[in-house]
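Each of the next two complexes has chain A plus one more chain, namely chain B in the first and chain C in the second.
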Partner chain A sequence: MHRRTFSRKTLGIPYAIFLLLFVAMPLLVLVYYAFTNGQGEFTVMNLVGFFTNPNTLGTLFYSFGVAIVTTVVCLLLAYPTAYILAISKWKSKTVILLLFVMPMWINFSLRITALKEILTFIEGNLAYHPFLNTVIGMTYDFLPFMILPIYTTISRLDGSLLEAARDLGAGEMQAFLRVTLPLSVPGIISGVSMVFLPAMTNYVVLDMLYNSTYIMGSLIGSYFSAYNWHGGSMIALVLLAIICLFTLLGGGQEDENARGGSLL
Partner chain B sequence: MENTKNIIELKHITKTYEDGFTAVSDFNLEVKQGEFITFLGPSGCGKTTTLRMIAGFDIPSGGEILLNGKSITELPPNKRPINTVFQRYALFPHMNIFDNIAFGLKQKNTPKSKIVKKVKKALELVDLEGFENRSVSTLSGGQQQRVAIARAVVNEPQILLLDEPLGALDLKMRKEMQLELKAMHRELGITFIYVTHDQEEALTMSDKIVVMSEGKMQQIGTPEDIYNEPINAFVADFIGESNIFNGIVTGKLKARFCGGEFVCVDDMKEGTHITAVVRPEDVQIVAPENGTIRGTVTSVIFKGMHYEITIESGKNEIVAQSVNVAKVGQRVGITVEPDNIHLMITEDHTNFFKVEINKNKELEYNDNVLDVSLTDIIKGSYFDEDGDLVDSNGIEIDTRKIRVTAAIQPRDIRMTDEQEEGLVQGYISNLIYEGDHYSYVIHTDLEHDFVVDDEYLWNMDDQVGLIMPVDKMKFTVKR
Partner chain C sequence: MKKTGKMIFIGLVLAFLYLPILVLAVYSFTKSTNIGAIRGFSMHNYVTLFSTPELVNMITGTIALALGASALATILGTVGAIGSFYSKKRTATMLNTLNQIPVVNADVVTGFSICILLVVVLGISKDTFIPLVAGHVTLCAPFVFLSVIPKLKQMDSSIYEAALDLGATPFTALTRVVIPQIMPGIVSGFALSVTLSLDDYFVATYTKPATFDTISTYVVNATKGAQTNIKTALWALSTVIFVCVVLLVLIMNIRSHRAERRGS
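Take a look at the complex of A and B:
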C-alpha cells in the first residue's frame, strides 16, 4: 500500500515551499523589523512615529485620494464600455475586447514612457499637474482590470432575467437599474479591488512621470533607500493591514468567476 | 358556459431570422377567453418562438397579433397585459421571494399595503405561505417553479404564457404540478397558453392542442380529436405511439398495407395512396393461421400495465400492447378491428423506408450498400480512431440502437427492365394516369410498396427494378 502515498496533496508541495520562502518568511522579517529598533530591541516607536509624522499621514491621505479618484474614473469609463460590449451582438466583439486588453501585453515601462511623451506634448511641463498626471497614468494602466471583470459578469447574466423584468412591466431603463446593475455588483467589486489596492501602492507610474509627489509605495521606497529598514517596514505593515481590511470588507460578496481571469 | 370572445388572434404570423432561418411560417390561431391551449411539438418546431412573439420578446417578420381585436404586434413586452412563466424560472437571484413577486406590482406603482396583500394571496395560491423573506437559492426546483407562477399571476394578466414550465422537474413533481396548474387555471379564469414537447402533458392539461412541426401548424383540436383522428402521419407519430404504414386502397372498404389486405371503415376510391395508422393497443395478436398478416416476435418489454411486443413481418415492424405475454421468436398472426384502422389520404407521396446499418457501419438496403456515410446524415458526427461513431459532443453513438429512415420522392425513382440494376425489385401492382404522368405502385419483394412517377406507360404486373439515386434520398435518424 506504500505506492498509494502519492496523492493530490503532494502536488501542492512545490508551491507550499515557494509560499514559505518568499511570502511567509519575508512577512515575518517585515514584522520583526517593524517592531524593533536599530539595536534589535522591541519597540512600538515605529508605529507611534507613523501616526505622529505629518509627512507619512499626509502621504497616506494623498494615496487614498489618488486611489479613490483613479478607481472612480476607471469605473465610469469601464462600466459603459463593458456593458455595451457585453450586450452587443457583434460578431467581432472579442476583437474589440482584445483592443482594450492588448496594452497589457506591451511592456509596462514602454507604455508609461509613451504616455509621458504625450502628456509632455499636451501640458508642456509635467510638474504643473502632478495629481492629474498620476490619475491619468494609473487609469491608463489599470483600466483593463476594471473592464474585464465587469464585462464577464454582465455577459454571464442570464438573458431571461432581463426578459422577465420586461415581461413584468419594466421599461428598458428600469430593467437595467433593477436587474442588470445590481447583478453586476460582484464584477464591480472585483474590478474595484483590482484597481484600488494597486493604485494605493504603485509608485512606478509616478516615478516614471517624474512626479514630485509621494504615494505610499514611493514613501516606503524612500525609507528603504535611506537604509531606514525599521520605519519602512512599519509603513509597509500598516499599509498591509489597511489592504487586508479592504479585502475583508469587499471579499464577502466577491464572485470568483467575476475576475475574468480566463480572458487574460 | 361557452365563451365565444377571442382574446388573442394570430394572423399569418411569420418569423424569419437574419440568417434566413424561418422559425414560424403563416401561423394562424384564435384563442378564446379562458381557454387552456397548448403548443405541442418537437424541439425546433417554432412553438417557443410563437410564444415569444405573443410575449413581445420577438417581433414577427410578417403578420399581425391582435389582443381583444387591437394590434399588439410591435408593442414592447412591458406594455402588454401578458405575463410569462419561464422555462428556467428566471427568478431574480438578488431579491427575496417577496420582492420577486412584488416586482411587477411595483412597476405599476401599486400602493405598498396593496402589494403586501396581493403577494400574500399569490403565495397562498401556490402553497408557499410565509416564504416572503426566503432567498431564491434556498428554494428547491419545485418551489422556485411555484414562485415563478406566483410572480406572473400576481399581476392578473389577461393571458398567462408558460414555456415548458415543468421541464426541469422530476416525474412525480411534474405530475403533481400538472394537476395543480389545471386547478389554478380553473380558479383564476385566465387564458393559459402552454408550450411543451411532452405529448402526455399536453393531453392531460389542455382544452385545445396545437400540434406544430417545422414552423407550421399541423393540427388544432381537442386532445381527443388529436389522439383519435390525427390529420397526418406526423401528428399520429408524435401523439402517442403509432404504427404508421404507407399503403393503397384495393377495393371497397379494403386497403393493403404492411404486407396484408385489411378491412377498414374509411370509404375511398380504389387506387388512392393512403397512410394507415394503428395504435399499439389496437393491434391484436392471434394464432398465425387466423391473422391478416403473420410475423415473428422480436422483443417483449414489460411496462407495468401491459407488455410491449414488437413483431417483425417482412420488412415491417409492428408494435403491439398486450396484457398477455409472448415469447421472442414466436410466430404470431396479427389482426386489427376495422374501426381501429385510421386511414389518411397521402397527398404527399414521399416513399419512406427503413435502412439497415451493417457491421461495417455502412447503410444498407436490400443487401445493397448505399453510397452515403453515417457521418453525412448525423450532423457533426465523425468516426474516431477506433472506428466508433461519435456525435458532435464526443459521445459514442451505438449504431445498433439508432434507426435510419430514408425518404425519396416518386419522381426521383426510375424503373428499369434490367431488374438487377435496381436497388430493389418488385411488380407493378397499380397504376393511375394523373394528367401528365402515370403514378405506379410497385409491390416489392420486401413486402413494401413504392410509389413511382413515370411519363411512359408500363403494364400491370411488369417485373421491374427500382433505381433510386442516393443523392435524392433524405435520411432521418431516430435514437
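Take a look at the complex of A and C:
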C-alpha cells in the first residue's frame, strides 16, 4: 500500500481509463468507420447514401412515427395513472406503485412473448395490423418508464401551492391546469426521453410481433448481419446525433429515475 | 363515485400490464400450445424447462453473466464515483459527462460500437466472452456510478476527517468510514446492474459468442422458430421469473417495513 501517495482522487483513474476505453473509443471508431469505405479511404458516401436512399429515409420517418405515437399513447396512459396515484390517499398506494414498476424487472422478451400470444388470440393473424401491434407492444414494454418519473415529480409537488391556488379562487380544473401540470413538466420530459429513444431503436418488439417494417435500430441489425460495418456505423452515428439533440432539448438533467433505479 | 372511476382506470392499466403474463402463467400449466381452448393440466412445460440442457445452460449462463458483469460494474462504478467526487471540478465534470453517454445512448449503438472496436478493430474473438462481459460492464457501471454519487453527497465529510485525525490512514478511513456510509447506494447500484444485464438484448446480440445465448437472445430466436415444446417451455420460464420477482419484492418490502419499525 502506497500510503503516502494514496489519495481519494487517484481512485478516479481506473474508471476514467475504463470510460475512455469502452465508451469514448468505441464512439470514435464509429465515427471513423462511418466516414471510410471498405478500403479505409475517407468518404462521405455513407452519409450521402443515408440521406439520398429512399429506404433509409423512409425508415427514419417510420421510426419517428412509431416513436411519436408510442410516446403519446404512453403519456396519455401514464399521466392520469401517475396523477391519480400521487394525489390519492389510498393506504395501498406504495403497493400499487410497485405493481406498476415490477414489469421493469421481468425480462422484456418474455413479456413481449406473452403479449404476442394474447394478440394472436385476439387478432388471429398479427400481420394484419403491424403498426397497431408495434405501438401496443412498445407501450406495454415502456409504460412503467413513463409512469415512474411523472409520479415522482407530482408526489414531490408542494401541496401548499395547490391550497394557495384554491384559496385564490381557482377551481379544481384550473388549479390542475395552471399549477400541477406546469410543475410536472420535468417528470414528463424525463418520461418522454425514456420512451421516445427506445421506441426508435428497439426493433426486437417489431420483430417479435411480426412487423416486417424497419425502424432505425433494425437498420443497424441488418448491416451487422451483413458485416457492413461502415453502413452500420453511419446509422449508429445518425442515431447518436438524434440522441444528442434530444438530450440537449431535455436540458441534460441528471435522471435519478433512470430505468427504475430509484426504487431499488 | 369519482373514486370508483379512478380505481377503474388504475385497474385497467394494471390489467393491460399483467393480463398477458398471468394468462400465459395459467396456460403454462396446460397441454395447450396456443391461447384458446385449455387442454388438460400438465407440468410438462416445467419438466422441459429444467431438463433440456440447452434451456438450462441458457438460464444459468444468463444469471452467471448478470452476476459477474454486475460485480465488476459495481467495483468500477463505486471506485469511479468516489474518485470523481473528490476530484477537481474539471475532472469530475469530464467523468460525469462520459458516464452519462451509455446512460442516454441507445443500447443498439452501445452494443454495435463496442463490437466494432473490440471485435472488428482489435480482433478479439467473441468466443473469449471478453466483448460480452465488457459490453455488459459498460452498460451497468454508469448506473452504479449514478446511484453512489448521491450517497457521497449526503455523507458528512467531517467523519472522514475525524478518522484521519484519530490516526487512520486515508485507505483505512475510506474502507472503514466512507464505504459503509455509501453502502445503500452500492447495493442498489448492484441490483440495478443485475436487472439491466438480465434484460439486455442488444449489447448481448452484438458481442456474444455464437454458441452462447442469454434469455433475451434465446427467446427472440425461439419465437422466430417453430418448435412448439420450446415455445411453451418459455411460458413456464416467464412464469418462474414472474414468481421470483414477486417474491423478491415481497421480501424487500417486509425487510424495509421491519427496518422502519425498528427505526421508529
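Criterion: the second predicted complex is superposed on the first by the 243 of 264 C-alpha atoms of A that agree within 3 Å, B and C clash if a C-alpha of one lies under 4 Å from a C-alpha of the other, contacts with A are read in each partner's own complex, and residues count from 1 in each chain.
By definition in this document, a residue touches a chain if its C-beta (ideal position, glycine included) is under 8 Å from a C-beta of that chain, and two chains touch if they have at least 3 such contacts.
On a predicted model such as this, the values are computed, not experimentally measured, just so you know.
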| item | value |
| --- | --- |
| Three-chain arrangement built on chain A, chain B and chain C clash or fit | fit |
| Partner chain(s) touched by A:Asp158 [first = chain B, second = chain C, both, neither] | first |
| Which of chain B and chain C A:Val72 touches, first, second, both or neither | neither |
| Most chain A residues touched (candidates chain B, chain C) | C |
| Contacts of A:Arg166 with chain B and chain C, given as first, second, both or neither | first |
| Three-chain overlay, vertex chain A: chain B-chain C angle, C-alpha, nearest 10 degrees | 80 |
| A:Leu47 touches, of chain B and chain C: first, second, both or neither? | neither |
| First, second, both or neither for A:Leu126, with chain B first and chain C second | neither |
| Touched partner set for A:Pro182, first chain B, second chain C, both or neither | first |
| First, second, both or neither for A:Ser109, with chain B first and chain C second | second |
| Nearest-approach distance, in Å, of chain C Cα atoms to those of chain B in the combined model | 6 |
| Touching both chain B and chain C, residues of chain A | none |
| Residues of chain C defined as touching chain A within the complex | 6, 9-10, 13-14, 16-21, 23-24, 27, 34-36, 76-77, 79-88, 91-92, 94-95, 98-110, 112-117, 120-121, 134, 137-138, 141, 143, 145-147, 150, 169-171, 174, 188, 191-192, 195-196, 198-199, 201-202, 205-206, 215-216, 219-220, 223-224, 234-235, 237-238, 241-242, 245-246, 248-249, 253 |
| In the complex, chain A residues that touch chain B | 158, 160-161, 163-171, 174, 178-179, 182-183 |
| Chain C contact footprint on chain A (complex, rising order) | 1, 3, 6-16, 18-20, 22-27, 29-30, 33, 77, 80-81, 84-85, 88, 96, 98-100, 102-111, 113-118, 120-121, 140, 143-144, 193, 197-198, 200-204, 207-208, 217, 220-221, 224, 229, 232-233, 236, 239-240, 243, 247, 252, 254-256, 258-261, 264 |
| Chain B to chain A touching residues, read off their complex | 55-57, 76-78, 82-84, 86-88, 90-94, 103-104, 107-108, 151-152, 155 |
